[in-house]
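Shared between the two complexes below is chain A, which pairs with chain B and chain C, respectively.
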Partner chain A sequence: MKDDRYEIRFGGSGGQGIILAAVIFAEAAVYEGYHVCQTQSYGPEARGGKSKAEVIISQSEIDYPKVIKMDLFLAMNQAALDAYFFDFKPNGILISDATFVEQLPTSRAFVLPFTRIARDDLGKEIVANIVALGAVGRLCDKVSMPALEKAVSAKVPAKFRELNVEALRAGAKAADTVDVSLLPRSIVSDEEAEV
Partner chain B sequence: MSGGYEGKENVVNIEQSENRLVLQGNEAIVEGALASGCRFFAGYPITPASEIAELMSFKLPAVGGSFIQMEDEIASMGAIIGASLAGVKSLTATSGPGFSLMQENLGFACVAEVPCVVVNVMRGGPSTGLPTSPSQGDVMQARWGTHGDHPIIVLAVSSVRDCFEITVHAFNLSEKYRVPVILLSDEVVAHTREDIILPELKNLEVVERIRPSVPPEWYIPYEDNSRGVPAMADIGSGYRHHVTGLIHDAKGFPTQRSDEIDAFTRRQFRKITNGFCEIQMTKSLMMDDAEIAVIAYGAVSRSALRAIRIARERGVKAGLLQLITLFPFPKKAVDPVLRQCRAVLVPEMNMGQIIREVKRVNLSSKVVKYSRVDGQFITPDEIFEQLLAMYM
Partner chain C sequence: MKDDRYEIRFGGSGGQGIILAAVIFAEAAVYEGYHVCQTQSYGPEARGGKSKAEVIISQSEIDYPKVIKMDLFLAMNQAALDAYFFDFKPNGILISDATFVEQLPTSRAFVLPFTRIARDDLGKEIVANIVALGAVGRLCDKVSMPALEKAVSAKVPAKFRELNVEALRAGAKAADTVDVSLLPRSIVSDEEAEV
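Right, the complex of A and B next:
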């Protein structure tokens, strides 16, 4: 079905701030005038192991609130990537953390060292989610950096604001080293896509 | 009241985006309750309804209201009845196991005609069931959970905006008809965050119960009138009256006289029947030329909405009737749909509860059941597949 629905999934392990990243992204999308729908895994799987959060953005009101086919998938570790990759769009974008992901199921993927940037450049591994969010914001091309910075500032405690905004910028900068237009066009052949 | 999905309100208004918030369904229920003038909450935390109690615990004191965490749901229901009798709009929120405990006192609220709103965020059951999974298994419990012949209003929400608006309606109907209103939500609606513009309070219709206009010595607490809804005095305001769970006469005292019992029971139903047109709330999409239709409620209507759009794109003339009011059953909205369409699909996250009510409206119609009972949300594709099979 054709509409301007854009679907993002954030996957990682419980405690990595996956849900917070999704909430911040949703907030930023609202600043940009989108309708948003944000959901998350709820229940035992949300703690430890793997956790996921989803954001749908659209210019029109959103009917079905969950992901149908992902346009963008952020995977912060291998377990989440393996578990939540199944409904990836053929022309989607996979962004994963170099520190915890070893095997990629698609060539439409970028591997960026979010956790290493957070740990080595910023001195706090805990902000890896925000570093990743910066890259997601840059690569999905749906929300501006000022909107993301405003949303980050609104959602994190005042004393960590500067650190998180810095993390966001570091992520965006890392994303500037890659180019979406250079990705292979689709993982399915043209004949298959027609079916 | 009925509305459509095709209105202007669907268009994003960038200028208004400053006032747009991102709220969870449970948070929007709290905002709706506060906007309706709710100033008392008693409850016991339970997944997936806990956020309502949590938010109420700090939002209520800030507006001069009271929050109390009770020892269980039996006591919670008792507490909100007490607060409402004292003149304060009251709310409690729970999920299946707690809702079961509330049934006894819910019956008291029915017989004593105490306005109050009970939110049941449905999860898988019976018993402790599936605490973190969505379900629609409590529909008939909401209608008939408490014993005895009684009318009750049951409303179902499907989005964050619904959570706000329908909560306001729930309070309004409860105050207007002196009846408990059950607001059915589910795990999907409760935990989805969506953008919402909260209306300004001055633009919101808020209904207050009719209080006596006569001096205290003339006050007859359960005196019938044209609406069938007696004026309600706040306990402690000087209007001495008796409140009991026994069937009572106009003065509020227990009665065994068959004429009084009959009048009491019939008035309970008459007041709801009189207000039926206002109480019946539905939304529809693409019903004008529909040959087949989906009748859905709660979160499932979101999946249905998308399924209908997919179907239309493939040339299948399908429409949607979303039920907001589940009881009294909106038969006046369902009947024309059944007459117009050659088949109607009722998808539910249970083994088939509302479908029986749909069938009862018009026994000659073809009504197709679709049940999902594995703790998962029904997807648009599943509904579309069913529609396609019906259309062929």
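Right, the complex of A and C next:
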């Protein structure tokens, strides 16, 4: 059986809510029937504006719980992008925030205005992580929007549910403006890329 | 150098907030300068009333991010206790909730009324996880109460900060009624126990 392990890394500064985004994604993947591992690792550098969280999903049991090669990397700021860009699959996708990321290390990348959407369209910059999560959900094509909405609703206080579901939808809508199939593909063959 | 790896598992039903408790503990350990790995793994069984989250802390870099042998296990219900009790260190400590745990598989255990304290003393059963976290913090002796309070405050909405800090303190106070040094010790020597 082909290994269907799918690996996502979320990177950003401490205040950007990337752990919550990863936890919500993990929960949504559980609803979809996947085996899921979700981790965060912190060193002393966690206090320096960059942190990361990871989610592995698979149809079968997961042996190693951390990212080996990323299929998708959400980078909410430049420091996290620079620090955690290694381990990228040749045909992995980078999704980054337009407000806090300036330099892209790959052409297989989308820059979307998560923070601006959260601030200007939703009036709460703090939900930029959930806007980004909506885009991640749409672009990775592993979890459905209903599963993500249910997971968001389970993980945020009742009072903030509506705002967060709106944020999720705004992110999915932003992702609909881009097309993964139009990204330049790595010249590495798919077989090599699987290694 | 002696490996100072310290391993904690949190188990409970989905609604009991054990992931949040683990994330907050992990954050507090970062404040204390530790290297920290925090994970949750879900299989299809996650929908059946038991889930687990783990935190590894160490003074040095952490190679394997999941529990190998537990130093401390917080069990918030019987299903999680039964499912995740394996991998216990001979001198590990089990902390369990009086409301939802009836049978203890070890004498190195404390039963404390986290859910009752949350419900009756604080008026919100939903903070039982944070009450338990206060007891875990006090009994593991790896993170200070100020670090835990800071981490709780960073992870819950402003509106619920006071309640959650109160919950933490109530849990620590409950833990002060028991004494780890009075627990029966395993007859396995410390050297063997380290394996």
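Quick notes
The working rule: the second predicted complex is superposed on the first by the 178 of 195 C-alpha atoms of A that agree within 3 Å, B and C clash if a C-alpha of one lies under 4 Å from a C-alpha of the other, contacts with A are read in each partner's own complex, and residues count from 1 in each chain.
The working rule: contacts are C-beta pairs under 8 Å (C-beta built on N, C-alpha and C of every residue); 3 or more make two chains touch, one makes a residue touch a chain.
Keep in mind that this is a model prediction, so the values were computed, not measured.
If you put the two complexes together on chain A, you find that chain B and chain C bump into each other. By the touch criterion defined above, A:C37 lies against chain B and chain C together after alignment on the C-alpha atoms of chain A. In the superposition on chain A, A:F160 makes contact with chain C only, while chain B stays out of contact range. Using the contact criterion defined above for the overlaid structures, shared-chain residue A:V23 touches chain B and also reaches chain C. Within the superposed three-chain model, A:N77 lies out of touch with both chain B and chain C [touch as defined at top]. In the superposition on chain A, A:K66 makes contact with both chain B and chain C.
Touch criterion not met for A:T99: it reaches neither chain B nor chain C. Common to the chain B-facing and chain C-facing surfaces of chain A are residues 23, 26, 30, 33, 35-40, 42-44, 61-62, 65-66. Interface residues of chain C, counted against chain A in their complex, comprise 19, 23, 26, 29-30, 33, 35-44, 46-47, 61-62, 65-66, 157, 159-160.
Chain B contributes residues 5, 10-12, 14, 17, 20-22, 48, 131-133, 159, 187-188, 191-195, 299, 302-303, 305-306, 309-310, 313, 377, 379-381 to its touches with chain A in the complex. Those residues of chain A whose C-beta lies close enough to touch chain B in the complex are 1-2, 23, 26-27, 30-31, 33-40, 42-44, 59-66, 68.
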